[in-house]
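What follows is chain A paired twice: with chain B in the first complex and chain C in the second.
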Partner chain A sequence: MTGLAQLTRHRLFWPIVALVVLLLASTLKSHTFLEITVRDGHLYGAPIDIVRRSSITLLVALGMTLVIATRGIDLSVGAVMAIAGAVTLTQIASSPDPGAISTVALAMLTGLAVCLAIGVFNGFLVAVLGIQPIIATLVIMTAGRGIAMLITGGQITTVTSAPYKTLASGYWLGLPVAALIAGFFFAAVAFVTRRTALGVLIESVGINPTASRLAGVRARTIIWTVYVLCALFACIAGFLQSSNIMAADSNNAGLFIELDAILAVVIGGTSLAGGKFSLTGTLVGVLVLTTLTLSITVLGIPVNAVSLFKALVVIVVCLLQSPVVQHKLRARRRQAAPVPVEVPA
Partner chain B sequence: MTVPTPSPIVQMSGISIAFPGVKALDGVDFRLFPGEVHALMGENGAGKSTLIKALTGVYGIDSGRIVVGGVEQVFSGPAAAQAAGVSTVYQEVNLTDNLSVAENVMLGHEVRRFGLVDWRATRKAARTYLEALNLDIDPRSSLSSHSLAVQQLVAISRAMVVDAQVLILDEPTSSLDSDEVARLFDVIRTLRERGVAILFVSHFLDQVYAISDRITVLRNGALVGEYRPAELPRVELVGKMIGRALEVLTELEGSTERVVVDRSGTPLLQAIGVGRRGSIEPFDLDVYPGEIVGLAGLLGSGRTELARLLYGADHADTGETIVGGVSTKLRNPRAGLSRSIAFSSESRKTEGIIGDLTVRENIVLGLQAERGWLRRVPKKKADEVVSHYIEALGVRPANPDAIAGNLSGGNQQKVLLARWLATAPKLLILDEPTRGIDVGAKAEIQKLVADLAAQGMSVVFISAELDEVLRLSHRIAVLRDRRKVAELVNSDDVTTDVVVDLIASGGTSA
Partner chain C sequence: MATDEITVKAAGKRPEPRLTGSVGRRRPTLDRRYLPVLGTLVVLALMLIIGGARYENFLTGRVMANLLINNSFLIVLAVGMTFVILTGGIDLSVGAVVALSTCLSAWMFLHGWPAYVTIPAAVLVGTLIGWVIGVMVHVFEIQPFIATLAAMFLARGLCYVIAPESIPITDPTIVKLSETRWGTDNGLVITPSGLIALAVVVIAFVTLHYTRFGRTVYAIGGSEQSARLMGLPVARTKVLVYVISGTCAGLGGLLFAIFARSGYSLTGVGMELDAIAAVVIGGTLLTGGSGFVLGSVLGVLVLGLIQTIITFEGTLSSWWTKIVIGALLLIFVILQRLLIVRRR
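Now for the complex of A and B:
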């Protein structure tokens, strides 16, 4: 087999091709697309924008990858984001000094605690009571926004707090803080899953829960843990989102983000059937989705056709990854070579 | 015995198939004539299943040709193979439990009238097919209400509905008793007379010699040869399958000098009145260091249930378990594992092997679970353990990075044994470790168990084959109807008949 053929069979080959094609097309249209400039000591440009905008989806998709690896799914992430924003901003708004770092830190801790409780609840339903993950997490998906509304009193809570604003709009060492936060958690999860045995145990539970339990793996604890982690990452994503608009919008915060996150995980090559997962794949998946949204504007695609265009790209990437299509493509390549046929006696 | 017509219905030549890390078939030729029963023989991992899957379109072939009925075929899937007249009945019956017998037989071939299913005619057609196989059961009854043997026969009738010219029976007798086997063989003979070509796979040599007209032997993915049963004595067949001097085999089989186990100290494990409602009645059982306790009984007599309680796979609701002199509650598998108990389940596919993980990851899993996720087994230690057991147990292929799901049944069993041995257990519970495994691997595993016990490990050994239980055990517990009915010390006077009598009579303690 040639090196090229081996390369095209790599799980991430087509998603990366899609990413490169999108970037190239955008650059052809607008020549300065890939340019990065320094303004006021910060890095500016479309690539930086892609990285910054990817951070929210990446955080949610990180947790989702782990959940999906255990054969589960978490639909509640969008609602958790809304709750995180509602809890934190309400507390900041009601404090006497919204601009103090201590106020912000305390409010964020409260938000984390609430989301932790939600994660524990989700995990309990799935791991202990054995409820189908899609149903179990549907509870918070539907009820969560209502809870957020109750917390904000049905209003869109807005605040003015410099430290909180830094989360989404600030820069550190010339890079957006949001991207640094997402990058830090990505590295942390990658490190913990691949340097300890957590990754392989998660995969083992996802592939065969019964066999894993009999082998002595704490299957229940592991499943519970991934739902808690997923809620915590969604919570941080909720901080970034609400910091971006400096408001807690219970109806729209993280709306449909569960679908983007699941899509990113699938594009990254992690199977919804559980088992082997790839964090790098998820990262590529998130970048493809964000670049897609950004290049749509650059390419001048009419607003009405945006969803259609997005769907097309996703379908093409998924098709190229499908084992059936790959098998067909390979068979065609093989057929091209003539095979001598003997006449049966 | 029928005389085969000169032209084969199936001609496979130069078939090669490779999986990542495994060369499953290497240029194998195989032919099948109409009206013959052709046995495909070989050790686990020899490539029998792979060859069958190539013929039934489950796997695509990397090279070679498949000619069915004179036409060269490239099967795109099982449906294409079925359309060409190749039908398969697998070891685990591929039917739909909750449908009726008629629905199962006629699935996809229901009699239609005005575009709707005519159920009356469908049932009638189903009955005709069933009767052709001398199977007198109500087509309306639910499939799950019948025994596994009848389900096998229903699966065969189903194969007849699609007008199969080639019928593949992959281990059809592994879960049948001798009467049921006789019945199945009657059906096979009927089909043979009708000119159906039958490919038969079984680990039971007696059955192979009783029914086959021709034998093809595979070894390590390559063809050894095609023989007539009359010209191939059994020892030679086994020698060809194993590919090793026969003395080694007899030595493995013969090493059974009986050792007296010292039962004066503290038992390693002591179960007093341990039971679980709906699963097994309370029982007493002592296992001493270095002792092999065999569990004998029919399928469903509670052998597995008892073993699961000893490990903590299920938790007992009555009684007391004392491990090493300390009373313990075995609430979950981890509890068993942490007290140096290991349990290898009888269903290696669903409760044993983690299919998509590598051989290395599968072997290290038990060790890793014991240490918890945070303390990863150091790479150096993992490498040592893995290469040690691959070598010691003869896992083939000897590639730690091969995907475990691609290995043959016998080799998966060895991987599981390695997983448990790596945890250095004091008590090893083996539930049917030799089921569906060929003679060579079976003898190897038996020898291994005897050696482990000689080194002081305690073993609870479960097998449906009484011979095996008698050959290995120092002590035998007999079970019947989810109750332990007897326990006896093994000696030369204890024969299969003695144990069978105990099972039949539900006897008193000896």
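Now for the complex of A and C:
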């Protein structure tokens, strides 16, 4: 009983329940849903697909988690993805040898440099000028897509480049490269924040910036760093996205991904008010969102109702996590024990 | 852009003897609260002057009337958004609510509902969604950002269910509303939509500045805890601002339906950002507690004027609109920030 109570009180309980319910429902509908087969030396199947499709959102959500932990928010990630794709693909397309690995590497470095600059700019507005994060990043969110279109000349730049295509469509050791990239960065961030003091410092800045500055934490540097990291992760997500379609679509690349990423972070139990953050929670949140999208087709829900279904799941998960409901659930559990004694008849 | 910034700052610092009378006779300086709005006004004036100098037929009644008419729904949205932002919240759902209201009215007309049922329904669906958001924010303590985000998905999802494809509106009332124009021959005309938008602005202005509710909105934005300790009805007001924003979005949707004469589920994607940008450019602080409805209207006009100038320029590509709006946003937030720092 107490074990169960502790379990339901865990902040990831409801998101994981949502994930399991979605997977179960999909499996009941389509019995082969959870099956993984080996074809052409690669792993195939819906779970692999979920993991592969999650990689872009996971990368963005990873940076977002760190930003939100410092009590900030980054709305510019979608625009940064568009710019990353635009810069990189324009450079690859204009080079004499688009298929060479050196060309691709150089173009990706340029993309990273541009996104780094954007991250520094966002961080400067928030950390140095002290502008509210939501409005500071709104600047790039609005202007960014315009800049991306300026770079591509308003066109959808397409390229044929085998090495670049590998990023999103390739497999390594039977696993999708995109998922491996996202997994690598997830592990790296988890290691750096949980095995060094950085995680605690980020949380302290999120809980009370002034107090942590007085305690000797370089709050300004930390805030600046998380915005730069967020832009860099968004840049890599932009590589994956543009590699997926082999085109830089400035209007639609990463459209609304900031909302999905923020949602994933919140579903994962990290509060928008900053402070404690959970990378595992973010991973679960991203998986819930991707599984939701995938299971909708499996469950036979009409395409028109996808957004409605998503909204309902999100609202239910958010309501279940809300302090009021948590409190009520806890109160009921406490009452549950004496009830059979008092009302025997 | 750089020259604009300097001019704005210079204009902001200069004391304006004309306006001081209403603020206080003792000090001949302008109340700082008006500085951001004044900055917006200067930018608007500059854009008008530049436009008038560069292009013929720019400073005509027709262009100015179109500026108001084409942006009437955005004005209504920005007014509703101002209430929410003044309390320190944010409403991301307005774009989707506009689409929902448009789709619902188109669907109801398609199924033979009369205009006197459909028009109130189109507005009230916004009210209902606003109320749901208010309850989520206040009772369940979900952050406004997430609650309105969920409402955005909900409204957009309902749109796809109601109107998977574009539905034309042929109802005579709507057609009449969209074709009616009052005005003079030289192009200075006003449409019912424009009048509704102006009426909304007037009502919002009176509500914010001359009622108890309006004062409570400012008080909550200043400090929610202080407002609660003062015994102000914080709960009711917080729910009510989202109801107002939702209603404005519903009305905005109706105006959009009159404007476009069709209901389409992808209407108004990103419109919430335009509304937020207009409010910020209009000098309202996103932290809440400071700002004016009229500022937001000026913000919408600035956005509309950017669009107009780019259309007049002809050779400039459409993406410059986004870049210019982003740059303006940047200038205004930095300007606001400097004002706050100096106030302390």
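Please note the rule applied: the second predicted complex is superposed on the first by the 334 of 345 C-alpha atoms of A that agree within 3 Å, B and C clash if a C-alpha of one lies under 4 Å from a C-alpha of the other, contacts with A are read in each partner's own complex, and residues count from 1 in each chain.
Definition applied: a contact is a pair of C-beta atoms (placed from the backbone, for glycine too) under 8 Å apart; a residue touches a chain by one contact, two chains touch by 3 or more.
No experiment lies behind these values; they were computed from the predicted model shown.
Q: Can A:42 be said to touch chain B (first), chain C (second), both, or neither?
A: Neither: A:42 stays clear of chain B and chain C.
Q: Chain A residues in contact: does chain B have more, or chain C?
A: Touched residues of chain A are more numerous for C.
Q: Check whether A:136 is in contact with chain B, with chain C, with both or with neither, and answer first, second, both or neither.
A: After superposition on chain A, A:136 lies in contact with chain C alone.
Q: Identify the partner contact of A:165: answer first if only chain B is touched, second if only chain C is, both if each is, neither if none is.
A: So A:165 meets neither chain B nor chain C here.
Q: Looking at A:201 after the superposition, I want to know if it touches chain B, chain C, both of them or none. Which is it: first, second, both, neither?
A: The answer is first: A:201 touches chain B but not chain C.
Q: Residue overlap on chain A between the chain B contact set and the chain C contact set?
A: On chain A, no residue contacts both chain B in one structure and chain C in the other.
Q: Quick check: in the complex, which residue numbers of chain C touch chain A?
A: 90, 92, 136, 139-143, 145-147, 149-154, 156-158, 160-161, 164, 273, 276-277, 280, 286-287, 317-323, 325-327, 329-330, 333-334, 337
Q: Can you name the residues of chain A that touch chain C in the complex?
A: Listed in rising order, the residues are 73, 125, 129-132, 134-136, 138-147, 149-150, 154, 250, 259, 262-263, 266, 272-273, 303-312, 314-315, 318-319, 322-325.
Q: Taking the complex as given, what residues does chain B use to touch chain A?
A: 11, 60, 65, 67, 70, 72, 313, 332-334, 336-337, 343, 345, 350-357, 361, 365-366, 368-377, 419
Q: What residues on chain A touch chain B, complex-wise?
A: Listed in rising order, the residues of chain A that touch chain B are 195-198, 200-201, 203-204, 207-208, 210-218, 222, 275-276, 327, 331, 341-342, 344.
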